[in-house]
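Both complexes below contain chain A, partnered by chain B and then by chain C.
On to the complex of A and B.
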């Protein structure tokens, strides 16, 4: 019985991971398109470099290969919850500034926000499958730095979207890693692999 | 100047004055929409301009030009009248409010009333996600509301805590049973559910939020076929390459299938092909195809999760490699006898290969022929037709036909042409043909069972072109069937069965047949000739072959005297004249001839003739005696004229009258006796002469 349950859970995890990989791939594609729209609408230079973006979770991580499956999922979930709040703020500011005059950017932001929300829910499902359960949400997340001027806020928004695109790539890798069989616990650290 | 300003001011004030003091009346609710079968209540408010002369009791109501019954009226107050109509079922109606004063009706105000139903709960929600283009959902609205109904499509996120509608997400509004979210408002998620709310003035209804993972409803653009081509040296194969559409989720599990259609047979097949989602292009080898055949190829793909295939790509066409024809043609000949200087025409005809699958496009045919006894005199011709006319002398020849395409030649088909006058054995003893409902059947009996191949040849009897003949090889059988449609009805066909052994053709057995007969198109023309007194010989000619429409079985001669009964006689078809006997003399007759086949008979033009009063014998028996008698009388008359004195003397001799005689002594004188004897002798001579003269005259 336990074996059957375990096998069923393994299949479900594999299915969720596969779908998650696909969702991450699509999300990355949409975020890239959103970046193009954002840069154009905000009058920015696409190659503008943005320093470390305050309040934005970073996709790059040291010792990625040493992480357990659960750690990966938790980090992903925390990141997307943060991005959900960040994108909501960006959307609110965009609507305040441009309103209906730029419906395309607003729609694109709203669509990505919805995708991020849905992806966060997908990660929560995966965590529930591990009997781990997702942690409760910690509120709306850090607000954007208020000392920034209008232009800096635009750059900050650019940084948010770029980092989100990076997270989409990392999420696909994390989920791919989860689908690989590993000895012992289904989420025990796998042999060292570079992402 | 000041007066003008005052006037302008007054006019402005009157324009801004209370609306009720200007309007005649008001009706409310205006343009109401109510539930069908419910109660309609309307109010008509009389404008102040009519008071005090008129009041609410002067108000009358009309519904679609019909007066509303008084019992439905209600006077609310001095200026307001209302009507209440129960169970209002008009789908649309006009209601008008009038005043009636001193017998005059005046229209005050009117409105249109619509009835309908509140919306039913929308159902059967389904969506298609046209990848990165739009997300279109459709639903059924249920009963027709007959009122303007708005639909709102919500896209909600399903979470552990329930279904949420992010406030950042706008719904899709529509007045029909479908709505689309357009890119970029097409976020991709497995966690969406879709809900439709229907709303009109009478109410609203919302469906459940139907979970539809977007990966299940993805529909991509079709791939593009880059090329379809054969590989040199590889038979029955085409290799297909294609390019995936740009808009496709990377690392997406994909399924693709290729459809290839055989343009010769118009049959098609679909085969799954592998596609790596990470690859932008793909390729596949189609095998087991027909040689030398054109195929049209298309491809479609879908996500492994989705229920929707992309549309088929545009087709590309290519041909498989050619193979040399594998079978020989079916070859036949018609030999015409020598016409001049020992040269005869031999008409060769052949049929395209029956090989299945076909060997592709035949480029032409090579004809070779040589006298049987002089193979070195081989001659060659070529043609793209399926027939050829050879002019040969009277020797025996061997003729062969080879079909060729770009890959090579077919095996030879050979036939021997016998020399003129050569006798071949009669192997076929009898041939029988008959027709069923759908078929014509030819059966034959052969005296040599070793012969297993025959050719059945058939053509219209009146056909002069040898190339128009139809023919077919029959193997291992002594009967042959073909669809009746291969034969025209009412036409005589020659059918021949030829035994064939090796490349030699033996003597045929020929029959004629009609697959269907109808009565002849015309009847024979009677030739009455010279009628007799009681007989006449009627002659006629055969009907022309083209008009017989069947085998003539017999002729029937109909003849009828004037005011008499019609009689008839029937004769076999090989008889072309008949003697009618026992006819009435000197009588007008009408005669016509009917030619009959199995389907019926057709009569020719009637002819009339009259029998004679006397025949030849009568004339002889009457004329001869009369003639003889007349001749005799004539001779007698002539004799009488010529010898009338002799006749007179003989017939009416002078006899002396004894009364006038004188007695004298008879002289006994010798001289007197001599003189008397001389007179007596003279008298006897004269009497003899008279008698002979009269006898001569009589002759």
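On to the complex of A and C.
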């Protein structure tokens, strides 16, 4: 019975990882398209350099290959929960500023927001499979950058989308690591991790 | 007589040792002076006017200059100075100045004519993602004199070490410290020689420079009994460190040799493909390229392979067995098949073999008689 449960869990995990990888790929493709639309609609330069973006989870990581499976899932989940809040905020601001005048940008933002939510769900399911359960959400998300002017807010939005595009690539790689039969794919918690 | 000779030798003994000592000192001093002078190198630009002074000799001293051992005409001299107008590359060489009467070497230099470096060409690429990337460079035109290269790699506020390769010398590699960063890399290459310096900078994203090496071991084979198929297989480039976590996708192109237009197929997984629309009997040329599934650009095309789809063998020759079967089944008079030359002397070697040949012919004739 235990073996059957374990086998079933393994199949479910593999299935979630495969679907997650495909979703991450589609999400990245849509975010790239959204970036083009956003830059055009907001009158920005596509090559504009954006400094460290306040309140946005950075995809950049050191010693990526040494992370455990649990670390990967937890970091991904925290990031996508944050992006869910950030994109909701961007969507709200976009509708306030441009409203029906720019339905295309609003629709594109909403579509990506949906994919981000779906991906967060995938990650929560994967953590549940490990009898770990996802951590509870820490409230509504990062505070909005209210001190920024209009142009700075546009650049901030550009930074959010760029970072999301990086996360989509990283997430696909993370999920592939989970499907590998190696120490890196282990989902056993490391001693340093808090439950 | 012998005694007198011995006396002379005794008297002469002290002299050879003193002479040897003096000679040795002279040789050492001469060698030292020459080695110091030979190490002096003078770099000048192409087209420059060069004036060489003969060491500490006065302007009006009588001197002789040589270039690579050949006397230089006095028309190139201004007093004891050597004047070379608008030097070119052929004037590189060893220049020596000798005092007029004594032929003492007073000055020597090695003139190297060249140019300051032009802006170097620099490129960076990751063919082993996610391990790291390499940068390589070259000068668009030669300088004809030695150059030194210095490269700096900055990522955000961090300066990274680019380890120079032993071969090729114009390349260095960097290990990634971070992955999935949006911060750009800035690489600056400075080239310096005795006549000047120049530099160039490239800036790029981590993902933008990812370009695998071409696929390896491409093989194309016909498929038996399928005149329109070719089976193609290949391997991931050996430089790609982790195809499981960082899978590659592939692009295959093929065309018959007689046509210019390529057919293309993109393959998202697997390292094989069956072409099903090949022209029967035509030789094909096939190549494969690779790209990371998510980021970067396509590799160069692989080495081309050639293959021709399977064709049925033409039935233009009948065998002896077929003749026998035909004869045994026939009710008409025996007629040897025109292509069969049982007793063709050109095909048979040796008198013994000829005898066997005629025997076989008689047997066949007997069969023919029996079945008329």
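Here are some notes:
The definition used in the following text is that the second predicted complex is superposed on the first by the 183 of 195 C-alpha atoms of A that agree within 3 Å, B and C clash if a C-alpha of one lies under 4 Å from a C-alpha of the other, contacts with A are read in each partner's own complex, and residues count from 1 in each chain.
Methods note: contacts are C-beta pairs under 8 Å (C-beta built on N, C-alpha and C of every residue); 3 or more make two chains touch, one makes a residue touch a chain.
Quick caveat: nothing in here was measured; it's all calculated off a predicted structure.
With chain A as the common reference, the superposed partners chain B and chain C clash.
Of the two partner chains placed around the shared chain by superposition, chain C is the only one that A:170 touches, whereas chain B remains out of contact. In the superposed model, A:107 lies in contact with chain B only, and not with chain C. Residue contacts after overlaying the shared chain place A:180 against chain C, while chain B stays out of touching range. By the touch criterion defined above, A:122 reaches chain B but does not reach chain C.
Contact with neither chain B nor chain C is seen for A:74 once the two complexes are overlaid on the shared chain. Of the two partner chains, chain B is the only one that A:91 touches; chain C does not reach it. In the superposed pair of complexes, A:33 makes contact with chain B only, with no contact to chain C. In the superposed model, A:25 lies in contact with both chain B and chain C. Touched residues of chain A, counted separately for chain B and chain C, are more numerous for B. Of 276-284, 384-392 or 546-554, the chain B stretch that intrudes into chain C once chain A is superposed is 276-284 (criterion: clashing C-alpha atoms). Put simply, chain A uses residues 25, 172 to touch chain B in one complex and chain C in the other.
Put simply, chain B touches chain A in their complex at residues 132, 155, 157-160, 166, 168-170, 184-192, 213, 215, 249-253, 305. Chain contact summary for the complex, chain A toward chain B: residues 18-19, 21-23, 25-27, 29-30, 33-34, 37, 88, 91, 104, 107-115, 117-119, 121-122, 124-125, 128, 172. Across the interface of their complex, chain A is touched by residues 130, 177-184, 207, 244-247, 293-295 of chain C.
Listed in rising order, the residues of chain A touching chain C in the complex are 25, 28, 49-50, 58-62, 64-65, 162-163, 166-167, 169-170, 172-173, 176-177, 180.
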